[in-house]
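Two complexes come next, and they have one chain in common, chain A, joined by chain B in the first and chain C in the second.
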Partner chain A sequence: MTTTDALMPPPGDAPPPAAAATPTAGGLPPSESVARQTWQAFRRNPLGLVSAGVLILLGLVALAAPLIADYPSGYGEDVLAGPGAGHWFGTDDLGRDVFAQVVWGTRVSIVVGLAASLLAIVIGVLVGVAAAYFRPADLVLGVIVDVSLSLPVLPLMILVAALAGPSVPTLVVVIAVFSWPEVARVVRSQGLAVVPMPYVSAAHVIGGSHLWIIRKHVLPGVAPVVAVSVVLTTSRAVLSEAGLSFLGLGDPNSWSWGTILHQAQRSGSLATAWWTTLFPSLAILLLVVATTLLAVAYNDARNPRTR
Partner chain B sequence: MPAGARFVTRRLLRGVLTMWFAVTVTFFLLRLLPGDPALAVADPGMTEELRADLLRDYGLDRPLAVQYWEYLTQLLHGNLGVSFRQNQPVLDILLERLPWTLLLAGSALVVTVALGIPLGVVAATRAKGTLDRLIQVGGITGQSLFIPSIGVFLLYVFGVVFGILPIGGAMDDDVYGLAAYGSIALHLILPCLSLVLVQLGSYVLTLRSTLIDALGEDYCTLARAKGLPNRKVVWRHALRNALLPTTTLVGLQLGFLVGGAVLTESIYAYPGVGRAIFEAVSQLDFPVLQGAFLMLAFAVIAANLLTDLAYGLLDPRVRTA
Partner chain C sequence: MRTFRRAIAVAAGALSIGLAATACSPSNPDSQAGGGSGGAADRITIGTTADVLNYNPLVGNSRTDTWVTNLMYPRMMSMGMDGVRSPYLASKWEYLDGGRKAKFTLRDDFTWSDGEKVTADDVAFTIDAVAKEKIGVVAGLISSYQKSTVISPTEIEFQLSQPDGTFLENVGFWMPVVPEHVFSKVGSVQKFANDKDWVSAGPYKLTTVERGQRYVLERMENFPLVEGGPKTKEVVFRVFPDVNTEALALRNGDVDLIANALPPPLAKTLEGDSKLKLVKVPSLGWAHMQYNTARKPLDKLEVRQALAAAVDYEAIRRVALQGKAVSSNSSVLTPTLKQWQDPSAKEYAHDPAKAKSLLTGAGFKDGNGDGLFDGLSLRMIYDQADPNISKWAQLVRDSGKEAGIEIKLEGLERNTYVEKYTARDYDIYAGSWAIMENPPANLALAFKCKGFINYANACDPELDALIDQARGQLDQAGQKGPIQQAAKIITDKVYDNVLYVEEFTIAHSAEWSNFLVQPSELLSIVNPVSVAQATKG
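Coming up: the complex of A and B.
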């Protein structure tokens, strides 16, 4: 619930370009040209390109973690050594290399962020589309979404994660279960603009089944919103994971950026050995800023008015 | 029933429904999770008999529906259970903490809105200018900050390097009278600032876009055509309407604000409900965790109700809709 509102078109705004261009009428496949136009506009935006580059780089670091640094474990000799040639990001209170922690932390942070976000997107899209398409369901689903959005989510996540026991799968499920209402909200409001469109009515008239209409006509209409949502939900999931891990609910058997901060807090080196907190913090900031700017750039490129 | 009374009743009902939802979700989450609630109080080494006794004591051997009913009545009586570790009613522990959280979150909200409005106006009136770009990038970056990171950074700079602000707690022990208020204010600065930095962006960006829309409306063109100075058009005409969606944003952001307060209090050892959560996590004190969530949910719902009612006062269309 941070940037989404500033980025999402209000419901009832101009018809989404992709929806207007859904290849229903046959003939030209206009969606392809929309994609190409979007890509060409995106290519001219340096901020978007840099963000995409940063994300690709972080993804590569996550994939190649074993090649970049040894898994940080055990004890080292240099305790709380500052950044230098031997340890680029310094060492923590047990002498473990912070650079290695950040590199391996990238893996867990991104995996948890992506997995939680994908799960949340699937649930959110299903609920959002169902609410927009089947009006009676909207009464119940809309209330559930509204109600869960107005509750403080982090304390609830903490309670559940503490009960279920800290592990990577727990984090993924807990974050997803409490993130989907946000997705459902934006998908529903976009869906409400798409469902009354003439081409959806036309699909009813020619006798299309509900499932077919949703798959072929409603889903493509909400797809651009979903694309933005994937990016934003991922960055929010990364922040949630960092928050839970910072509070001590991270997977005890693996490193994530939040876990590094948790260890620094627990050992009391938080405020004195600045390198134990600066580098994981920068990693979080880099990932979240890059995802947000990517979403902004994609949105601008997609919208003909800002293209 | 007059429209106004109906509006208030509907909002009240909605608040009650939301609280019921929070309570019910908590109840069923606790019982349906893989972990047996008895495990939380029981030692793994205890005998089967002792475990059964314990379950009976806590009423965990009865049917789920009975337990649920019992749970609801207990909550209505203000019984949030007893802390595992402190052997004290959870409600007492948390009520002692709540004022600090309300102070922190409330002051952060006030400062955010007080800074957000002028910044949003500056950005909107200079749309696409350098200052506007700066404010936009700043807003996005602020939202992307991880609260513990910004907290540690501020602590390090102002508490350790410059040493001008206290590094934790809510007040000094040995001050009384007026000095106590001063101490409270000094201790509040850094936690409050951490929350403001993270919150500010969404207010500025929302106000910016609604204000740009409002400035393009006919009534603003008319006001300019009448010869009103631009400052008046912005502040007296456009801003009034642009502020309405911002009021909604307060309601939407409250849950997020409270989550931020939990992290902030953990960093600064600020003695609010969030710090109680932080301590309860390391001690696996589930009654405190559950009580803290319910209490924060209640606070958010009550604050939300107030924003809704304020919105109704500001915008007559909401009352009649």
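Coming up: the complex of A and C.
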């Protein structure tokens, strides 16, 4: 069971969220009301609020990196200096400020995470909705998704990244290519609950085109799981980026948290200069835990049973 | 509440992964490293960062390949600290007939592990196989070889196509001798994996291989170069993919010696450890960048000179190498090879203003005012696993930017890197040579038109003529003049930008002593005589 599965209500446990999120004539409250109820439930959850705060903070750090620290380049005279007043997070084996690396690394790590996640979401939603809506295509797409999910992802990522050469676009594409199947599976299962709904059938009857029905009725129905998927896929993408960069397959022309770890490992200072690994690791931990908790909190707030 | 429980579950999951990772650490079958006392020991455990890729000594060329096969297969010559050859299997060597013939006289007390004597027939078979099948770098070094004549079991003579003053030293040091009675039965020698039933004549014989874990070699009692035979019964190479773990294993006493040179920051942290001894080993090669002269705009001398002026050499040695490197004065005749060095050589000056001026003179402009010359973006490839090059590549990129040159780093996985440099698919090649101890031979490979390792794609008739002139001389005194002129051309035309000569740091347990230090990381204290004569306690 994947993390995403764990966040989904079990079958029969609750009405399909799509029903609650989509304006229908079935006596359900209007969407504004659902959004307000979700927000009210969400803001009562301190872990969710703190997680959202952490993510907003990391986003601000990424945006304001040039205002916070100079871009780490060149070299410094204090090689492998411990944390102190001059260098809050210490220095690396070329005397560069680790704090500046973590700050600038936030930008690349989040950009790679978001870009890879969005790409994976686009592919996953297209495949998932197509499989749910066009039933004859379901078998073929289902097999493709299942095969993709059974592939050993990390070795393949390493192989492709090594062959394609290190760069940020390469990382984005490689991570997205191996992340979309999970999104597709979740979206498909949600789509299967939405497509048989009476209002979708009604849309068929009044002569709505497939594209219009998908855009107006199916996509809004799967939107809540997509929102959760975006958050979780982003955190997984950040982890993948850190992993690939740690293995030396990151972009040497930019800083990311994984790149900082890779340089610490390669220099042989991993065991002696703890600060070179602790702070980028904490940043990764913060982002991943915050995204996970945010997704959990959102899912709980959205689900009437767990509000 | 549910959310809180899930948070606890997430944390517990992360912790369990950590514990699982700890539990999955490789067990240590060699924890009783170096048992025994009073000099002779049962075992010496040597750490390495990679597996053996090829057990055929004529083909394998990785560091671990060399360390392991060097203990198994003899060469005709060994090497002193200054690169000068010393006897090993051969006791004497000479040129005859004005340099058209060369002769080795071998020792008569080397024996293969199956009891057969090592004879001149083995040498003749080996060199014929190398020449016929064009095996490895040795084939490129013996281009003048025509045929060999075995005069007696301990004497062999080579017929050369032209006088070649580099032949004996090349064959003597670079060509391991393999047993004819084994290798002649395998068909293609180049394709022979030699991965079992080893027959060898070095101080140790490989007996057990546990891939990814360890390689066990047993003592050959009758190895003649150490009185009484090798002191230690068993040599074990243990594989640690990560140098940090390897260093911890040395500190914990799980290994007695680390074969690979330590990255400078790690070496610095081990300096104060009383349980360890650090050995300084000079390099016989150099670290460098080569600019691909077959590509525009690097075919222009001014651009190459600008690139050379945009490098902060002092910072690379002082910061990236932590002072564990010396300048080579931008010459391919390095300070280690004192007998070849040109005292008039001067290092390129780090002068960003001069670099900008040269580029402006070459027609480059910064039209958009971004501080970088337009149309001057260069790709630099290097092996991302090399700790030193990965560091100084960043300094080269950053100092290049100060001079208005955009250098894009491509730190590549080893196989991709090899593929790219073999195809000369780069603007700038960053790398290092392990052993370049024989300038007349090495410069021919590295700088003559279409040379095997001519990574600058240089093709300069004047340079080629000087290298040929040197190779035609039979003694070092006659070779020195033309070689120094050739080296000056290489510097002046920036066919090679030599950054530094590294001083390697090799660490071993203070319980062990009596190692024999030889130059280069490939020989260091893991050379056959050193390992064979090392004692514990």
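Operating definition for what follows: the second predicted complex is superposed on the first by the 289 of 307 C-alpha atoms of A that agree within 3 Å, B and C clash if a C-alpha of one lies under 4 Å from a C-alpha of the other, contacts with A are read in each partner's own complex, and residues count from 1 in each chain.
To be clear about the criterion, a residue touches a chain if its C-beta (ideal position, glycine included) is under 8 Å from a C-beta of that chain, and two chains touch if they have at least 3 such contacts.
Treat the numbers as computed from the prediction; the structure is a model and nothing was measured.
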Quiz item: So, does A:S281 touch the first partner chain B, the second partner chain C, both, or neither?
Solution: first
Self-check item: Partner chain in contact with A:T272 - chain B first, chain C second, else both or neither
Solution: both
Exercise. Go through the superposed model and pick first if A:G48 touches only chain B, second if only chain C, both, or neither.
Key: second
Exercise. Check whether A:L261 is in contact with chain B, with chain C, with both or with neither, and answer first, second, both or neither.
Key: first
Quiz item: Between chain B (first) and chain C (second), which does A:L249 come into contact with in this model arrangement: first, second, both, or neither?
Solution: both
Exercise. Classify the contacts of A:T292 with the two partner chains as first (chain B alone), second (chain C alone), both, or neither.
Key: both
Quiz item: So, A:P152: does it touch chain B (first), chain C (second), both, or neither?
Solution: first
Practice problem: Would you check which partner chain A:L239 touches, where first means chain B only, second means chain C only, and both and neither mean what they say? | Solution: first
Exercise. Would you mind checking which one, chain B or chain C, touches more residues on chain A?
Key: B
Exercise. Figure out whether A:V160 sits in contact with chain B (first) or chain C (second), or with both, or with neither.
Key: first
Quiz prompt | Residues of chain A at both interfaces, chain B in one complex, chain C in the other | solution = 162-163, 165, 248-249, 265, 270-272, 289, 292-293, 296
Exercise. Can you check the complex and tell me which residues of chain B touch chain A?
Key: 17-18, 21-22, 25-26, 29-30, 33-35, 40, 140-141, 143-149, 152-153, 155-156, 159-160, 167, 201-202, 205-206, 209, 249, 251-256, 258-259, 262-263, 266-267, 277-278, 281-282, 284, 286, 289-290, 292-293, 296-297, 300-301, 304
Quiz item: Of all residues in chain A, which touch chain B in the complex?
Solution: 1-3, 5-6, 143-144, 147-156, 158-160, 162-165, 235, 239, 242-243, 246-249, 261, 265, 270-272, 274, 277, 280-281, 284-285, 288-289, 292-293, 296
Quiz prompt | In the complex with chain A, residue positions of chain C that touch it | solution = 2-4, 6-7, 10, 242-244, 247-248, 262-263, 265-267, 269, 315, 319-320, 322, 384-385, 387, 390-391, 393-395, 397-399, 401, 408-413, 415-416
Quiz prompt | Of chain A, residues touching chain C in the complex | solution = 45, 47-48, 73-77, 79-80, 93-95, 162-163, 165-166, 248-249, 252-253, 263, 265-273, 289, 292-293, 296-297, 300, 306
